[in-house]
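We call the chains A, B, C and D, going by the order they appear; numbering starts again at 1 in every chain.
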Amino acid sequence: MDEMANTSPWEDDKPHEECGVVGIWGSADAAALAALGLHALQHRGQEAAGLVSMEESGIFHSHKGRGLVGDNFGDAAVIAGLPGRAAVGHNRYATTGETALRNVQPLYADFEFGGFAVAHNGNLTNAHTLKRALVRRGCLFQSTTDSEVFVHLIAISLYSTVTDRLIDALKQVQGAYSLVALHNGALLGARDPLGVRPLVIGRLPAGGFVLASETCALDIVGAEFVRDVEPGEIVVIDDAGLRSQKPFAKQPSRFCIFEYIYFARPDSIVEGTPVYDTRKRIGAELARESGVAADVIVPVPDSGVPAAMGYAVEAGLPFELGIIRNHYVGRTFIEPTDQIRHLGVKLKHSANRAIIEGRRVVLVDDSIVRGTTSRKIVEMVRAAGATEVHMRISSPPTTHSCFYGIDTPERSKLLAAKHDVAEMAKIIGADSLAFISLDGLYRALGRPGRDAASPAYCDACFTGDYAIPLLDQQDNAQRPVSLLAAANS
Amino acid sequence: MDEMANTSPWEDDKPHEECGVVGIWGSADAAALAALGLHALQHRGQEAAGLVSMEESGIFHSHKGRGLVGDNFGDAAVIAGLPGRAAVGHNRYATTGETALRNVQPLYADFEFGGFAVAHNGNLTNAHTLKRALVRRGCLFQSTTDSEVFVHLIAISLYSTVTDRLIDALKQVQGAYSLVALHNGALLGARDPLGVRPLVIGRLPAGGFVLASETCALDIVGAEFVRDVEPGEIVVIDDAGLRSQKPFAKQPSRFCIFEYIYFARPDSIVEGTPVYDTRKRIGAELARESGVAADVIVPVPDSGVPAAMGYAVEAGLPFELGIIRNHYVGRTFIEPTDQIRHLGVKLKHSANRAIIEGRRVVLVDDSIVRGTTSRKIVEMVRAAGATEVHMRISSPPTTHSCFYGIDTPERSKLLAAKHDVAEMAKIIGADSLAFISLDGLYRALGRPGRDAASPAYCDACFTGDYAIPLLDQQDNAQRPVSLLAAANS
Amino acid sequence: MDEMANTSPWEDDKPHEECGVVGIWGSADAAALAALGLHALQHRGQEAAGLVSMEESGIFHSHKGRGLVGDNFGDAAVIAGLPGRAAVGHNRYATTGETALRNVQPLYADFEFGGFAVAHNGNLTNAHTLKRALVRRGCLFQSTTDSEVFVHLIAISLYSTVTDRLIDALKQVQGAYSLVALHNGALLGARDPLGVRPLVIGRLPAGGFVLASETCALDIVGAEFVRDVEPGEIVVIDDAGLRSQKPFAKQPSRFCIFEYIYFARPDSIVEGTPVYDTRKRIGAELARESGVAADVIVPVPDSGVPAAMGYAVEAGLPFELGIIRNHYVGRTFIEPTDQIRHLGVKLKHSANRAIIEGRRVVLVDDSIVRGTTSRKIVEMVRAAGATEVHMRISSPPTTHSCFYGIDTPERSKLLAAKHDVAEMAKIIGADSLAFISLDGLYRALGRPGRDAASPAYCDACFTGDYAIPLLDQQDNAQRPVSLLAAANS
Amino acid sequence: MDEMANTSPWEDDKPHEECGVVGIWGSADAAALAALGLHALQHRGQEAAGLVSMEESGIFHSHKGRGLVGDNFGDAAVIAGLPGRAAVGHNRYATTGETALRNVQPLYADFEFGGFAVAHNGNLTNAHTLKRALVRRGCLFQSTTDSEVFVHLIAISLYSTVTDRLIDALKQVQGAYSLVALHNGALLGARDPLGVRPLVIGRLPAGGFVLASETCALDIVGAEFVRDVEPGEIVVIDDAGLRSQKPFAKQPSRFCIFEYIYFARPDSIVEGTPVYDTRKRIGAELARESGVAADVIVPVPDSGVPAAMGYAVEAGLPFELGIIRNHYVGRTFIEPTDQIRHLGVKLKHSANRAIIEGRRVVLVDDSIVRGTTSRKIVEMVRAAGATEVHMRISSPPTTHSCFYGIDTPERSKLLAAKHDVAEMAKIIGADSLAFISLDGLYRALGRPGRDAASPAYCDACFTGDYAIPLLDQQDNAQRPVSLLAAANS
């Protein structure tokens, strides 16, 4: 797999967040504010975006499109077509081949009680099982998203209020979810009992509420941060204010540790701590754990920058932009001939020879997934004249796939699942390679280290400790041949 | 309403057929043959076309698109993407604003028993009532077509075989329907108990079956006409051959009389009679009933041609192409200024002055719906120098709307619902106007006249005698405000 | 070559007119009227359409597009973007692969004296020779159309008035041309000295002039026919009225005889005679020359209809629509498999079995070019049960290519260039085949017969008598390898 | 003017480079290498890209498109359509409204001697004057680019070799130009006598040459830097190697100083010095000249980063990413309501509150053009809690427009043309504002200071010292009304 064909979701060899959500209640500009919030959350999903607004009469309006928020919602006429004082929105990151518009959220349905829209960040681990049962009952699925399961469970629930139907549905699903939903009566927000994915509450300056995946979506609309939606909490927002329900038994939470390392925007505040600061602390910890004699600290842009800065300060070495990122890559670039392939061209990055030539370079990056990009970057830095190339990674080795809403390759494709660190160094061509330790990572997050009995975070991708059962995984062998080929138009 | 804005479904002031269907069983070229059949049925719907094919393994494939069959299925690669020995297809005519792809048939669903595809010509008269009940039960509707009701009724049916589930569904619906359906086991065809809409059975030269709305779709694929599907009959076609089921009590049939007058292609054979011959006989009857001293008989092209030929022969007057049709109208033409509007431009027709100037002209057309086009044509013929203009119509006055699958305006827009023939003549500017009588029409169809106690055809658009109850019509007042605005993307 | 792949300009096996032109002077609705005129001339070219309008200040505006006039100029906003009291327009029929927008006329250029736009129907026979000389002089060509030669010749002319520059240019070109041109001062119209292609003058009801290829374009805008532009005449139209210049020595004219047979619209008046009447007279002459015992006369629609009517009346036999035309063919239809190919499907036509079965049929068509369609039609009619099939053609055998503005295949592809009539009958599978004689054709046009010393019409396609020298044809051998591959974007 | 409507070329309030060029000679992968070179030069122009390749037979191929290089040339099929061992390419930055495809370079023409393609970075100052003279002579212009003047001058030149014709043309033009051209014989490169715009020569590893605007385009294809094309030099590259011609009188060169400050990519080497280093030195000089008591140094990303790093090191203050850039802005974003407008939303930037709150912040940016973005950024940083905001700019005040190939607003829109530094500080809302001095800038570039008698660089945008006469500017008053409105399709 090669960067040249950068239409692949994997071309940059990073895990990928699978979505951002936003909800607005109580503003005449609901759709516009939701669009701005989605724009601020664009890093969580770039393949499609959708908005559903609701007028006070209960009439809903929807607009969805492939591509960026600005491409789909930048036009004032589109926003004008989404009237109402409430709205929910969704950014989608999708695995290859499945961004048919019918899969773009928010999902909408006409229920007996009126319209209902829902947007979901996360991944259900018993979606297939539930889906099979629902189909047997006569439910017709229209999308291939997990999230449609919520909609059917709500549709067939025997409870009378929408909130009770939602709780009824949440009690049947397993997995990671932060979701926002809208019906003629309230804006709802919910997080799974372990609180794997984030969801925060904000207050608009002129009154009204915002729900969003990260605080950066509050900042862009001038909203004040109120608090996180708590793990297992359902918040019900209407004109009377915000009420909370906690239908699940209390459990220790397991927030996704990778949000700190890579996913969240550096200017977001997560659980009270600025992400940017956290990353610098991780870099400093990394320098303490695996310092090496060198001349210059160079980040792999852009995500490696804060950790590299923390590393450089701790190590007392100069921090320099030794790799330049090209911001204009375009949709695609296919290597047309063997000769071009041999050039090993990096389309997104170029080495800044003036910084690198004749120096011992420490490269700081946040993760290695399959290793393809790391190998190319090391090769590029060496070709630019580095005398030594040391790679330092601000996360532990990624040895397991995520099933809770992050797009990672299957385990067999993960470099760290098959090789020890020494082998990995060889494969990527570095003179040395080091990852931060699990305990070091927890320390940088202000913990004494990882408590194996009750870890404070979901770190399954580094440990294989899956806190939520993986029902569909066990179940997959018995699945019948999929009929979905039919729905390809 | 004016012809210039010819994007409207009503620009030509004709009733519009709402669909054509085709099904193929037992040919390696199933999708290609179905596409050819749809092409032959293109006159029944031009807004969208869809095909679903099925491989013997039960894998389905689907392709749909707006526009003509040739535009969507002319490419060999598209046909190659629809493998299998069975296929069903559909041409859609849709009222303005509602040709979202999700409404384009065949509809497809994954059931517990496997995939299922259905294509429907007709209109249900209790669709809203059924839909409301289904939503109350937790069913989620994705399209705004009547036809989705079939799919949900089949999904929730407690019968075990697909045929029994279909019969279960048919027993709950009311209205006009000719449908073809496909599942891993059989190709199904069904007509409503009154047989309002047509459906015929053909046999492919190399074996295999065809179901289609008209015989012209058999001709194009070289299939031999076997017989009509009978009113109330369900045919089940599989590799063992064709079986028939008749689950409904026998009733006198009521085939749509307008198929003879206008909808069916002139080269189709309907109930054993060539449509072309029938139209000439109607023209001759019209000449006998309402002959007038004149110099030349001129058809309003293209649909008025056979009736005009029959009229001319009977009247012993020359038949001439006094109106020329422009075949290249394009998608749209908006009159930009008042002056242009005053030109009264006819974009589809032009008068052939050499034929018309100084002559008494009899124009023969098949129907007058709102009268707008008739008025323009009379004006154009007069402007070209006709000394008299007599309009003869090969159908009785259209006084009522159709609820059985034909797109007609609401009753208040029908010229004949508000005016007698003398007033209509004045409105359209003709020196005289005459319609064929109801009895004359029945005579031209080989009947002794209309038997009011048990009419041989559905002629509700001329008589208001609606043989199938109009449940949704009575029910409409109580409907809640629609929430469908939400689904506009 | 097969009808299934109907993207080819040759799919219908007819010669193709290469253009229609229109010019308007002196109306506030100039662009709208020009668009309507182009719509009426749509049969002369369907691949692209263009309009250039001129404001009184000398500012020009242009809009061009591929496809039909209605598709490109139907939108009022487009017309609003073409202000001014004068306009010229062009419909393009183009041979395959060369309808880049830069080739769509009218051509426009900024000259020293201001803007200039020109639209041209016809073909120059010394275009290549002139182009080579112009390139040698430093002229840069932007299109691959002959017509650009006019623009460069005008640009480099040393005369001072635009009219003199145009005459200077016309004296250097050879070939067939009817053109309209516009500059800040006048609307110009010109026909070549032999008057091969048509051009007529009309007067708008509210004042102002129209120039157009046919009278049907006058009718649609309510203009009164004034007269033809004469062969070799240049008309100069400005607010003072119409002036005429005749810079060429007088010669006997040679109007294209195929305009009567096929190209012109039946409701156009050409040289004082209605085209529709002429075609009926040709049919009658054909019946006299080559009558045959038969039961029914069937036109090949749509162009064969008037000749068939004339034939039927003369022969005293019934005229019936034994072949039905499908008006909705779409852009393309490729036969995906051998089996489908063996069906010999006719997508545009279907046999009306009720008319044909058991009968001796005379088919009347206007021409046979390569014979492919004729063979398929005869086969189709025979398959529908005709006991005999006789083909009658309302033109003489097409034995030569046209170089004067009609798109015909090269001579080696013309059936009649290689085979005598008996062989042709065999090839197309007819029981008998007859063409009208040359003298018969001239008689139908009101002449005593063809005067070989000075034929009244250009009939080169039937006789090889090319009245205008074919310089480029002789010259082609010496042409260097074309460099035009470069301009493919 | 506001960032929300970021379709404007001015939304980021930066000057804009108007183009990048590349030429390849002697590689079977010529088009692919040229495309990679254009990708590396994408920062010089993002609106359109074009490539012309040449086969050894003298056949040229061309492909152009709006948008990024990757969007237009990423597809292997496109590259396969551009065969040959030589190619020239161009990235276009265009002022609003004028990126019709006919303006996208390389320009191509068929000359008497064969095909010729040219791509141009720069701006001619006597283009209008020359164009008028050429039109008077009969030349027809097809684009509205300056660069077409070259093509016509070459076309009409009386010299016999292409190189002599090019020199003949260059002697008639005035202005700034770096150009690459291709004909059947050689790849040509030329720089204007003052060498205002850059052009470098590289050698491919397998033999063959590259010409490109910057060295980063050599790096991406693995080419070795040979030397700059010298001011006033024409290089002629063919299979025999590289020859040089210097037809102009030797003058002191005046390379564009803004290339160092902002345009060139930080990893490019310009005149032997790495741009990245230069920017850090400018930042250090700025700190020396106008240090201020503060807590943190924050770059305005991305262009302000190296100067901020240099400043921070010199000032001994922490360098932090206090402003986060959103990389996914999309094509457009229009503020739909007043309330949204009042939010003062920055779509590209967000403040990193954790870094800024409670601190005295020094912002480092590279230039202030109109001041709109600076004002918003200061406001945003203050809203994030900065106690003081000091703005430091790594260029002198931009007081004059550029006429040599950089898109700047007219002088009246330049903030520094109307206000002194104190007023500017007030307008942008900063507690203090300082620009680097002209002498300080020259010092950072290794000069003793600016020599007013013979400045080493073109610094007209800071000084108004225009080294090349601005003929068209003086001439503009007499220009006739443009006729170009005609060419809008």
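Couple of notes before you dig in:
Definition applied: a contact is a pair of C-beta atoms (placed from the backbone, for glycine too) under 8 Å apart; a residue touches a chain by one contact, two chains touch by 3 or more.
Predicted, not measured: the structure shown is a model, and the values here were computed from it.
Among the remaining chains, not one touches subunit B and also subunit C. Centroid distances built from C-alpha atoms place D farthest away from subunit B. Once the centre of each chain is set as its mean CA position, subunit A and subunit C turn out to be 62 Å apart. Inter-chain spacing, taken between the CA centroids of subunit C and subunit D, is 51 Å. Residues of subunit A in contact with two or more other chains: none.
Every pair of chains meeting the touch criterion is listed here: A-B, A-D, B-C, C-D. On the subunit B side of its complex with subunit C, the touching residues are 6, 28-29, 32-33, 36, 39-40, 42-43, 46, 67-76, 79-80, 206, 216, 219-222, 265-267, 269, 274, 276-277, 302, 305-306, 309, 319-321, 324, 326-337, 339-340, 343, 345, 347, 350-355. Residues 50, 52, 57-65, 81, 101-102, 108-112, 114-115, 117, 135-136, 138-142, 151-152, 155-156, 481, 483-489 of subunit C are the ones that touch subunit D when the two sit in their complex.
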